[in-house]
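Chains here go by letter, A, B, C, D, E and F, matching the order in which they are written, and residues are numbered from 1 within each.
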Amino acid sequence: MEKIKEMKPDMSVTFEAIISQVSIGKTNGKNKRNYLNLILEDQSGEIDAKWWSPTDHDCQVCVQGAVVKGSGDVISYNDSIQMKVAKLEVLEVTDEERMKFLPSAPLDVEVMMKEINDTISNMQSKALRDITRSLIHDHRASFMSYPAATRNHHDFINGLLYHTYCMLKIAKGIADVYGNLNNDLLFAGVILHDLGKVKELSGAITPHYTAEGNLLGHISIGHTMIKEKADQLGYHGEEVVLLEHLVLAHHGKNEFGSPVLPQVKEAEILYLVDNIDARMAMFDKAYEGLAPGETSKRIFALENRTLYRPESQ
Amino acid sequence: MEKIKEMKPDMSVTFEAIISQVSIGKTNGKNKRNYLNLILEDQSGEIDAKWWSPTDHDCQVCVQGAVVKGSGDVISYNDSIQMKVAKLEVLEVTDEERMKFLPSAPLDVEVMMKEINDTISNMQSKALRDITRSLIHDHRASFMSYPAATRNHHDFINGLLYHTYCMLKIAKGIADVYGNLNNDLLFAGVILHDLGKVKELSGAITPHYTAEGNLLGHISIGHTMIKEKADQLGYHGEEVVLLEHLVLAHHGKNEFGSPVLPQVKEAEILYLVDNIDARMAMFDKAYEGLAPGETSKRIFALENRTLYRPESQ
Amino acid sequence: MEKIKEMKPDMSVTFEAIISQVSIGKTNGKNKRNYLNLILEDQSGEIDAKWWSPTDHDCQVCVQGAVVKGSGDVISYNDSIQMKVAKLEVLEVTDEERMKFLPSAPLDVEVMMKEINDTISNMQSKALRDITRSLIHDHRASFMSYPAATRNHHDFINGLLYHTYCMLKIAKGIADVYGNLNNDLLFAGVILHDLGKVKELSGAITPHYTAEGNLLGHISIGHTMIKEKADQLGYHGEEVVLLEHLVLAHHGKNEFGSPVLPQVKEAEILYLVDNIDARMAMFDKAYEGLAPGETSKRIFALENRTLYRPESQ
Amino acid sequence: MEKIKEMKPDMSVTFEAIISQVSIGKTNGKNKRNYLNLILEDQSGEIDAKWWSPTDHDCQVCVQGAVVKGSGDVISYNDSIQMKVAKLEVLEVTDEERMKFLPSAPLDVEVMMKEINDTISNMQSKALRDITRSLIHDHRASFMSYPAATRNHHDFINGLLYHTYCMLKIAKGIADVYGNLNNDLLFAGVILHDLGKVKELSGAITPHYTAEGNLLGHISIGHTMIKEKADQLGYHGEEVVLLEHLVLAHHGKNEFGSPVLPQVKEAEILYLVDNIDARMAMFDKAYEGLAPGETSKRIFALENRTLYRPESQ
Amino acid sequence: MEKIKEMKPDMSVTFEAIISQVSIGKTNGKNKRNYLNLILEDQSGEIDAKWWSPTDHDCQVCVQGAVVKGSGDVISYNDSIQMKVAKLEVLEVTDEERMKFLPSAPLDVEVMMKEINDTISNMQSKALRDITRSLIHDHRASFMSYPAATRNHHDFINGLLYHTYCMLKIAKGIADVYGNLNNDLLFAGVILHDLGKVKELSGAITPHYTAEGNLLGHISIGHTMIKEKADQLGYHGEEVVLLEHLVLAHHGKNEFGSPVLPQVKEAEILYLVDNIDARMAMFDKAYEGLAPGETSKRIFALENRTLYRPESQ
Amino acid sequence: MEKIKEMKPDMSVTFEAIISQVSIGKTNGKNKRNYLNLILEDQSGEIDAKWWSPTDHDCQVCVQGAVVKGSGDVISYNDSIQMKVAKLEVLEVTDEERMKFLPSAPLDVEVMMKEINDTISNMQSKALRDITRSLIHDHRASFMSYPAATRNHHDFINGLLYHTYCMLKIAKGIADVYGNLNNDLLFAGVILHDLGKVKELSGAITPHYTAEGNLLGHISIGHTMIKEKADQLGYHGEEVVLLEHLVLAHHGKNEFGSPVLPQVKEAEILYLVDNIDARMAMFDKAYEGLAPGETSKRIFALENRTLYRPESQ
């Protein structure tokens, strides 16, 4: 069985992959038949594929997110390569198996979860410790598998966890430098800031924004999750309000969707650290497509800048 | 007893009024004593006052919001008038009595509440009817007495109710013109849009922003009130999400503090109608200080415009 | 004869329609001949059409806006349908007949004009009544047939009148709520605010912006129309200046092309009501293409928002 | 008789001056009497003055803009000087005489008018020549005496003419460099661009904005003046529309109050040249108060910049 | 030999031209071969060309910027014309010869350089004269041949010199009007303001931005060139700092890339004159594609305006 | 001798302090004499002082920044205290001694310099190591003593060093998290990013902006310092250009005065870390004046936000 990255023109290959996009086309000519335009993906990469002779049943089951096994011939087409599918069969898999065909975070999930859990256990504030632990517990499976976005950055399996983990490490470094912050508040804010995404997005695999996600946004969704959890556990008062504030303010500016601006130091740091990690991920994404010494096209999400990849990186 | 509006230089007067501002000063000269700078207010207007010989106890009890009875002499000072207090005594009053010394809405509270309640009773959606009725019931006293803001517009007793009432009337007119709106949703949104202000502000009398109000804002506070009420009553689904959306989106733009923009017609109308009523109130406030044919100074809250009061108005 | 909306693949049809777009193409192959790409439209909808064998004369007369009668075969092509024209003939029609093939306002012209005229007749200010009546009289035919724009909203026959009518109804509702407005001024402003469009646009049918329209804009064109009419009728003074002001200020902000900002209440309301009606029309336009529960693409004219069409609408 | 600039502490002086500001104060002490706070101005400068013993009649006639003759003693007060008025009498003067007490343009009016008139006479377009000549003729007295603004720049007698003259000279230099401009159009635009100010401002002496000026603005006022003049003289067509366009577009951006943006080269140059002359005047005004090598405070009208006056200037 | 502008369908032509764009395509059909998509340019214009049968060596040498000689047949294709290349051969040429195939400034280089040099010689400040002369001397060849930009305006051979020359003429006209400027400073600023472009761009022919150009920008590059030259020649003090300031501030606003705003009059004029010349060039560029009486599409670099080309120009 | 913080009303005190502000006043009454308004400061705090009987010589030597020794009586005045100076004498001190009377960074200079120097020594790039070391060596005294600004944040002795030190610590934490950065470049950028401030500001004691500082800004000044140092040491190429880029881009946005935007990851991090440290310092400054649970006034430098100091901090 070949990995997609290893496929070259004129090879006959067998493969297991996930269908990350699919559409049905009509052949030209007298007897128009349906065919399938596919993008097949495994963790090594992706390839365009055409299946010229699917049955009606094939067309029904080859949906986005289906894991398939098959064989075909690789040809060169325009400047890239394409697979002519010979045989294709949909496999019954669990979601966990399905995720193995998709890109994921570069760190082990257990390592990251341990960092999160240890941080929670070390909180001295019972209220913040209980609220954070209980929310992460309630949404553990989603928190561990969801991406942090559908594009731009952290748009891969475990992206939400990886983003949270990196931010937590940076926040700890900053807390060490200044020494006068409410660390429990800051770390609880980091861990919970994007939790609303488990309802804003439809799932870990081929995610899209839900209607609720579009109409309310992850900031307000996450806010009510914290408020309801605090009420349920019987916690009130300034600590809870500050945690709500951190989540509401974490986009830093009204025009980025925060209804209030950061008014305490921990909220300001949460916003700035979120920004650092998002931007590093966007730089890395842009660098992927650049050769050393090359300048990128303008990148909308980075204020329309061009980026430069140095010769030495 | 004289109304403040009727006081003229060289009158000796008796009065009942509320202390709307107070500070303690020190007299010049050898034997420095405390004196009180006061702004006294009744429903007819307000007047600066100096009390040159209060006791220490007087200084303690003459706080902002106290209702007082007293006598004094009115003098002219610079271009305006001032009262030299002769005698002053703090009265024990209920909050209801206290409010009678403050400006309030130009309509009867019962008339306005009837409009609100009738609108709720006529809603065909059980979910929206129950949620709206229950929230207004829970916060009835505050909803009926609070201002809608601490300055700029509707900054008077019953201001929140009056603002809601006017908006509801306009929204009904608009609903009649188009005929294809979800009226229940629109009217529930109008009635609840500013309910979070009952927690954002400290009270009906001499209100200020609470810490919770500053840190979370009435939009997010109101949002969690609705979400928790819906969960408590067992309502879920699109209707609830849309009502949450209307409240979150009612400032219309991110830069005005809405985390999401209006995405359904009823949300857009709610925002626009809120805007109409706020602006009419700001115009009226600016006109108060203008003679017919006069142009105002620049008004920050109205995009730094000058306003003109026509000769005929 | 078939309505366009009723045409289905594999039907042979006869039709009467207007050509709303047309371009000439060249066939492939050895003997390149001209063919016509057409969009045919009647009040029920529109359809792409190809005419493979027009004569040179056909190519000359099948211009945008021509009303045609013909027959053809409907085929399916890609995901939509297309007509293969068999026969086509241009009809001699009046402009009034031509408009019958184009979408128009959902209300009867006479009903709308009656509302306008009654409103004018009820004005107590002789100056405002005479100026408004005379201007509407001078431009009656255009005012009744023009669209209010070439795209985005009210871009259909009678669009200008329909937009004016809806605004007038809303303005009356608002005037009722507040009770202290100069209704004559407000209603005259509503009726005349977009009158400059009769010179800014080229006509009721397949309109485009005139050079004068681009160089001066309908706000300034309309302003001079009012000023010249007032001078001609011998009216001067504040009422006239205020009416000029309402028209100049009706876009509400400098960046939307108003040279002055609303400085009286009636000008502010005119701006806000214009906004309401424009936005409702843009929402309706966006909803047309959406299924219940679907979210739209980003809409540039609505601040790049996505809109949501609720399940229940 | 002393010039104001020559007055020094401890001098007894006689003077003729204009009252550029005046307010009435009340003396302290038992027997409160009215006194006058004055700013007296002649072409050499201005001085604060107090008149401690005016009669009621004096208070009535000593209005802003009055020309007075008197005597007094100069004293030093805080860091500056002040005059203690001994005697003061209002003179009957013509407006022409009155203007002699106010700052005016540094060039002779006749020299400037000759440049304007010669430019008009040399226009090859009869339409532009007639319209421009007739409008300047109609408003000759105001055009020659009005300032171009009430503050910031060209806020002095003949300021409008001087501003127009300087712009005309620069525009001619630019026309020479490029050689492919419609010079008649450009020069007519320069001469008429601010003519609406003769109605926007109340007069040449101590001017303020009129109600019409605030409600319509000099751009729209000037626009209707041109349109009505063209109609009256029977000129229509592109040349007239372009001249209207130049006046409407001369602020260059919507946010500066132009309803349309420059769409032809001559309109763009008019805007840019207007900008140059305004900014040079603002720099000169700021330099007046600066020593060589000194940096100014932030200047709001110049984008909040600080300016630097070089050692050598 | 035919000029490109003279080529018409059905002609067989010979030509000399420069390759301004080139890409390699693959033919359809069984035996896929490489072919060349070319844009050929001479000073008269440009034409699309296809070469269906190049050798591998031809594909290697037909690079962007190559000067070629050849023959072919002109055909009409869609709405424009295309050349089918029969023979093509790359010529060995000097860069000077190569530039003759590209559009260049409409004025003679020697005439423009004389104006620059005379201006330098007439400077009374030894420091400014020496610095300016030495920098122009060091970069003489580039200064004379480079464009001023890669698109939008002055994107042709000698564009930098032509832009500098036109600005110098306008600046002199302005200096004449005001009479109180530091002319040496202003003219030195004009001459040197864009000199950093000789490092920001890669060359005179088919220029692109260098990595250094993207990372530092011509403003900062030019600034260090002046500072290092002044240090090398031993000049210090205010004159040098002001010249540095003029170059740093010449984009006029932070958002256009100037790190400081103009703080002296000469800096302000430099910015405004740069703006005038850039905008005139952009108008001319837009007018090229317009017929008299036609309106352009929206032009991004001119604030998204449409431009109008008058009937008479 | 008393520390200023310990002074209370009715004490007679002796003191040593620095004059941080001074102005000369005139006494009222017949025989006007000069007196001195002083603000005296030591590291414990500051106090208003009046010296009613200075000699002319005293007035000359009591300048801003002078260190004085004296005695006086402390009185209460309005709501604060004031010293009535009895005797005052200017001391001859070195600048080092003078700084002891001013607030300074909360960390030891040697500790901070060791961190900087160790970081430089550990750089693997010879070019970056040599350039950074040599520049810090050249400006060692200023780099160690200057503030980082005249107000808002780090406006104290060693402020520049302290700001650089904190940023370096945070940058190291971030570098650890990502692991794929050019650490030498990032750390060199941090150390040198504000070095231009040693020329932008006038000195460590009572600093103001120099003319050069205003006209060029510390970004461009620092840029030329690096470029000239690199040229002097013979280093060229990408590493140097990237270091220049980091300094030019460190304000992150054009509108904050960076002529280019960050285009490599290290530049982005430098900007974000600069931002973190500046904002933490502004929060701390704002918190100083707030009691726990109190909300601040709007703070212009923090986007006009109000800040909240939690009960527990």
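Definition applied: contacts are C-beta pairs under 8 Å (C-beta built on N, C-alpha and C of every residue); 3 or more make two chains touch, one makes a residue touch a chain.
Predicted, not measured: the structure shown is a model, and the values here were computed from it.
Peer 1: Which chains sit in contact with both members of the pair chain B and chain D?
Peer 2: Where chain B and chain D share a partner, that partner set is C, F.
Peer 1: In terms of residue-numbered contact pairs, which of A-B, B-D or C-E coincides with E-F for over half of them?
Peer 2: So the equivalent interface, with over half the same contact pairs, is A-B.
Peer 1: Between D-F and A-F, which chain pair shares more contacting C-beta pairs?
Peer 2: Looking at D-F and A-F side by side, A-F shows more C-beta contacts.
Peer 1: Per the centroid of Cα atoms for each chain, what is the distance between chain A and chain C, given in Å?
Peer 2: It comes to 45 Å between the two C-alpha centres.
Peer 1: Any idea how many Å lie between the Cα centroids of chain C and chain F?
Peer 2: Using C-alpha averages as centres, the distance is 63 Å.
Peer 1: Residues of chain D that contact two or more other chains, please.
Peer 2: Each of 211, 214-215, 238, 242, 263-264, 295, 306, 308 in chain D touches at least two other chains.
Peer 1: Which pairs of chains touch one another in this structure?
Peer 2: Those chain pairs satisfying the definition are A-B, A-C, A-E, A-F, B-C, B-D, B-F, C-D, C-E, D-E, D-F, E-F.
Peer 1: Which of the residues in chain E end up touching chain C in this complex?
Peer 2: Against chain C, the touching part of chain E is residues 78, 293, 295, 306, 308.
Peer 1: For a test of understanding, state which residues of chain E touch chain A in their complex under the given definition.
Peer 2: 26, 209, 211, 214-215
Peer 1: Flag every residue of chain B that touches chain C in the complex, lowest number first.
Peer 2: 166, 169-170, 172-174, 176-178, 180, 182, 238-239, 242, 253, 261-265, 268-269, 272, 275-276, 279-280, 283, 295, 303, 305-313
Peer 1: Which chain B residues qualify as touching chain A in the complex?
Peer 2: Touch list, chain B to chain A: 211-212, 214-217, 219-220, 223-224, 227-228, 231, 238, 241-242, 244-245, 248, 254-260, 263-264.
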